[in-house]
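Same chain, two partners: chain A is paired with chain B first, then with chain C.
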Partner chain A sequence: MASTTSPTVASAAAVPQRRVEARRLTLGRALIWLAVIIVTLIALFPFIYALTTSFKTQRASYDGTLIPWLQYEPTLANWQAEFGSGGQETMRALTNSATIAIGATIVATALGTLAGWGLGRFKYGIGNRNLVSWFLSQRFLPPIATVIPFVLLFKQLGLIDNVLGLIIANATFTLPFAVLIMRDFFADFPSDLQDAALVDGASQFGVFWRVALPIATPALVAAIIICFAFSWNEFLFASVLALRNAKPYPLMVAGSDTVRGIVFGFVSTRMLIAITLPVVLSLLVQRYIVRGLALGAVKG
Partner chain B sequence: MKSRAKYFFLMPGVIWVLVFTLFPLLYSLYLSLTNARLGRETEFIGFQNYINLFSDQKAGEVALFSAWLTIGSVTLTMVFGTFIAWLFNHDIPGLKALRAILTMPLFAAPIAVGYMGVVIFNEQHGPINNIIASLGGTPVSWITAPWPARFAVLITDTWQWTPFVFIVALAAMQGIPDELFEAARLDTSSAWSTFRHITYPLIAPALGTVALLRLVETFKILDVPLTLTGGGPGQASQTYSFYAYLQGLRSPFQQGYASAMAYLVVILCIIISSIYFWRVRARFE
Partner chain C sequence: MLTRRQRMLLFVPLALLLVPFLLLPALFGFLTSFTNYAPFQPGQLVRFVGLDNYLSILHDDTFRTAVRNVTVFATASVSAELIGGFGLAYLLRESFRGRSIVRFLLLLPWVVSPVATGIMWHFLVNRESGMINYWPALLGLPSLPYLLTFELALPTAIVTEIWRKMPFVMFLVLPGLLAVPADQWDQARLEGLPVLGQIRHVALPRLRLLMLTITLLLLGDALGNFENIMMLTGGGPGSATTTPGFYSYQKAFVAFNWAAGTTSGWFIVAAVLLVGLVYVIMARRGAD
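Right, the complex of A and B next:
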């Protein structure tokens, strides 16, 4: 896209320079576009491959071909197996996943937003930074260290193989993210809005509820999506705490290997079912994710 | 009035964490000081587990692999994520749409990605080896040879987590006022120079937080090595947390020892993050 401005006499000498710059700019932009395309393809590749493989017979799944009808005969067999005869188990697992993820998200986001507002707007004796690191430190424990005590605790509370137990567990693990995201957003919240509301007679909670929250939508959405996705995708605790009734979908993915070895089509199908909801959600709320996750960098 | 209200906001979260994390934390500490084992009597043995841990060769090997994986993954994801964010920080049509695709890997369940990795990295029929073969190279033994298996885990983890760095870096970059870029363009036309002197310092706090989060998280990975390579061949791609998991929840069900393993990581993470928060981050605030 060369510059199409018609040169005046005065800038005749400047024209070649501008054209060169425009060309350099275009070359740079083209290179960037190329890099973007390559990166996008790399990001997409496993998903596309899973999609095509899920429609292949086992024999065809070994070929590494990509285009249906042209290179291989697509089949619905894998999908029918998943939703047909095995359908009930699949639906039950998906329902469990949804219940657990929604429950955990509500708890984590509610607690995290409250704490985030507190940590972002007020000063605490112990030190705000210390408190934030304390919240973050919950993520330090390797799973094995929390699994065993959780099993014991939940056994006492009768929460083994119960979605409530998994809701509690996932809320606990995703709470640090909610705190971090909301706190960073609230830290940049303009004080004048807060002060104005207080002058008008609002309570502290009123300021939070009616002034801050509505503006915090981007960060809130980012926090919700992250908590939801992490809870939906969680595997280890589910494998230990859910035995029969509360099995979420990741456990079904784990069961995709058969005696004969991995059936590619089947694995692909399960993988796609497992990832669809969080991924689709992430696409829908895309603009909030980037806006909500600055994590403490410079804000203009 | 104000001083009371602020506790109201903080308390619910703190109480939750205390109830559901303090107990497991303390209980694992207790367990780590015993020889707890499923089906046997538990005895207090003090620091014996920790002493044994230091002479456990297997533990040393998995720790080394975890360290390698962590450093590798954090470095790669930070570099790629920041670079891709820089790419997307330009005013070029169509980027917004593609941005959504870039964030997809982050939201896919690691366990699902691991299983898909089994298909993709499959030595005979997987697409990666197919592509390598069609380009004339020799297929790599992704699952049956130790170093390729380790790289398979590294590649998978990097693929999955680069979007996280990308999102944060991009959000940080887009928060930089345009005037700074204008001013920079007057001084230099080098993109690298602009990045180095303007962009990077301003996004550094966010990158720092991300690096810390990644560091801590990567040391815990379990889902991907479990499904992709099963820790194999042998133990080559077994992470530290994976090994602890096997010790505690699979034979020999040594919960005391596994807890000790886990606690070492906790201490390590506390040290690292303390250093980060007090020395590094303080500079930016």
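Right, the complex of A and C next:
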């Protein structure tokens, strides 16, 4: 935002010109700043409102007020209920979510990295491009289209209301992402190091485990984050496949209506709890998300 | 080089997961959509009914409304998201203090689950608890109309979807935009092109594949949209915001109409595959 420094020697004509430029510079940038601030506020607004509402009493939550202490009396009741009396249910749902997400992520990234390394490094008879296109099509496929036969199959297998069932479901759904991200990375990455290791006498598996994987850490992190975030937020399969025991957290968020009608205080607290993890994760690995998504996007 | 057998082996674990848990169920669903198979009503003789299921769905008014809804929804939201997201990225081109914070904050609407955001928006705009009544009254303005009426529900859903996805588009476009070498921008400016012209000639050609992929991602999501709408409006009022995705869920898990649920699901699949095909064609054409 700083304007140019004043010159030691300036002709009479140059000075007004530079002053005009400096002013235009500031005005343009100020406008941009304003636009950015407005957009950011719009993006954040529902979250701010949820934060406020989580501290409101049941009655006040219908008000639409915003500023604590000024407009309403803040209360910790909702939070206490969530972790206190409702604590057990909350903890179990959160544990379920975590288990499912971790399990699905491990499966998806492990399987996906293997396949991705193969696809990126070597040629396949069917045609690498065709395989990639197939995985791509999976990526854009909305889960609603496959959930119904899924349910039936799981019922046969006895995997309904079972954490394992949800792990499988989420792994299946996030696998294409993992494959694509890892494949893009390996396809781009020069193979000199890997070839050199081969020459040095390492086995193929040794090359994969000790050379390829460590290099691929950024892409691996991206894949892990994406798989985890998707599984953590996943709702459709959870609502259909989990009834009581295996309920993950998104179900709790949605099920915040009671006999008294939707208790917005609870909705807000649960929602804020639910989003904490993805927010923290994305904060930690912002760079990797960009790389991971952009890699998949740019290379198609 | 790996032997052919070794290469195939790499895919075995993946196949172990996908074949039984994705391909087979999908195949099963596809086949049964041509029968009157009804797992929730035992004791019926399974008959082959050809295209009856598909036809009856097409005749269902609710489904047609759903298709119309989702078309409007997808077209409006995806275009706005692309333009807005690109515009946002353009705004953020110049580095400034705190830009990475802004980028992170703007990613939040997308990172958070659609269930959560759907609920948030629901109680922001509904009549009982919405802010739309309080604040205008406070400022002495007439209160805004209730946003979840029959006419306004779909536009509201579109707006919330744009809110959710536009920053995400920005997030994806920005690295690509920044990768454009500065001299190309300078040259365009020297040639006297207006801002829009600069964008058209400098940025878009390079970003073609990226924009194409983003569009496909957005479209696929919009066509199958489910969680967002379910939380926001529950598909209503009436069928004002019902989408094929919602329709399919309703039929299968609320009305226990397996045939309708699966068949409508395949319509969605067909639509997405079509879009994907267009993408592949356009992507390959550009690459040559």
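Please note the rule applied: the second predicted complex is superposed on the first by the 221 of 300 C-alpha atoms of A that agree within 3 Å, B and C clash if a C-alpha of one lies under 4 Å from a C-alpha of the other, contacts with A are read in each partner's own complex, and residues count from 1 in each chain.
Convention: a contact is a pair of C-beta atoms (placed from the backbone, for glycine too) under 8 Å apart; a residue touches a chain by one contact, two chains touch by 3 or more.
Note that this is a predicted model, so its numbers are computed, not measured.
Trainee: For A:M271, using the defined touch cut-off, is the partner it touches chain B, chain C, both, or neither? Pick first, second, both or neither.
Mentor: So A:M271 meets both chain B and chain C here.
Trainee: Applying the touch criterion given at the start, work out whether A:I38 contacts chain B, chain C, both or neither, answering first, second, both or neither.
Mentor: A:I38 sits against neither chain B nor chain C.
Trainee: Would you check which partner chain A:L76 touches, where first means chain B only, second means chain C only, and both and neither mean what they say?
Mentor: In the superposition, A:L76 contacts neither chain B nor chain C.
Trainee: Touch test for A:L193: chain B only (first), chain C only (second), both, or neither?
Mentor: Touch partners of A:L193: none, neither chain B nor chain C.
Trainee: Can you list the residues of chain A that meet both chain B and chain C?
Mentor: Common to the two interfaces on chain A: residues 29, 32-33, 35-36, 39-40, 42-44, 46-47, 49-50, 53, 61-64, 107, 110-112, 114-115, 117-118, 122, 124, 133, 136-150, 152-153, 168-169, 171-172, 175, 179, 204, 229, 232-233, 235-236, 240, 250, 253-254, 256, 262, 264, 267, 271, 274-275, 278-279, 282-283, 286, 289-290, 293-294, 296-300.
Trainee: Going by the contact rule set out above, which residues of chain A touch chain B in the complex?
Mentor: Contact set of chain A toward chain B: 28-29, 32-33, 35-36, 39-40, 42-47, 49-50, 53, 61-64, 107, 110-112, 114-115, 117-119, 121-122, 124, 129-131, 133-150, 152-153, 168-169, 171-172, 175, 179-180, 203-205, 208, 225, 229, 232-233, 235-236, 240, 250, 253-254, 256, 262, 264, 267-268, 270-271, 274-275, 278-279, 281-283, 286, 289-300.
Trainee: What residues of chain A sit close enough to touch chain C in their complex?
Mentor: Going by the criterion above, the answer is residues 1, 29, 32-33, 35-36, 39-40, 42-44, 46-47, 49-50, 53, 61-66, 107, 110-112, 114-115, 117-118, 122, 124-125, 133, 136-153, 168-169, 171-172, 175, 179, 204, 229, 232-236, 240, 250, 253-254, 256, 262, 264, 267, 271, 274-275, 278-279, 282-283, 286, 289-290, 293-294, 296-300.
Trainee: In the complex, go through chain B and note every residue touching chain A.
Mentor: Chain B reaches chain A through residues 1-2, 5-10, 12-14, 16-17, 20-21, 23-25, 27-28, 31, 84, 87-88, 90, 92, 94-96, 98-113, 115-120, 122, 124-127, 130-131, 159, 163, 167-168, 170-172, 174-178, 191, 202-207, 209-210, 213, 216-217, 219-220, 222-223, 227, 240-241, 244-245, 247-249, 255, 258-259, 261-263, 265-266, 269-270, 273-274, 277, 281, 284-285.
Trainee: In their shared complex, at which residues does chain C touch chain A?
Mentor: On the chain C side, the touching residues are 1-2, 4, 6-7, 10-11, 13-14, 17-18, 20-22, 24-26, 28-29, 32, 39, 88, 91-92, 94, 96, 100, 102-109, 111-117, 119-121, 123-124, 128-135, 163, 167, 171-172, 175-176, 209-210, 212-214, 216-217, 219-221, 223-227, 231, 245, 248-249, 252-253, 258, 261-262, 265-266, 268-269, 272-273, 275-276, 280, 283.
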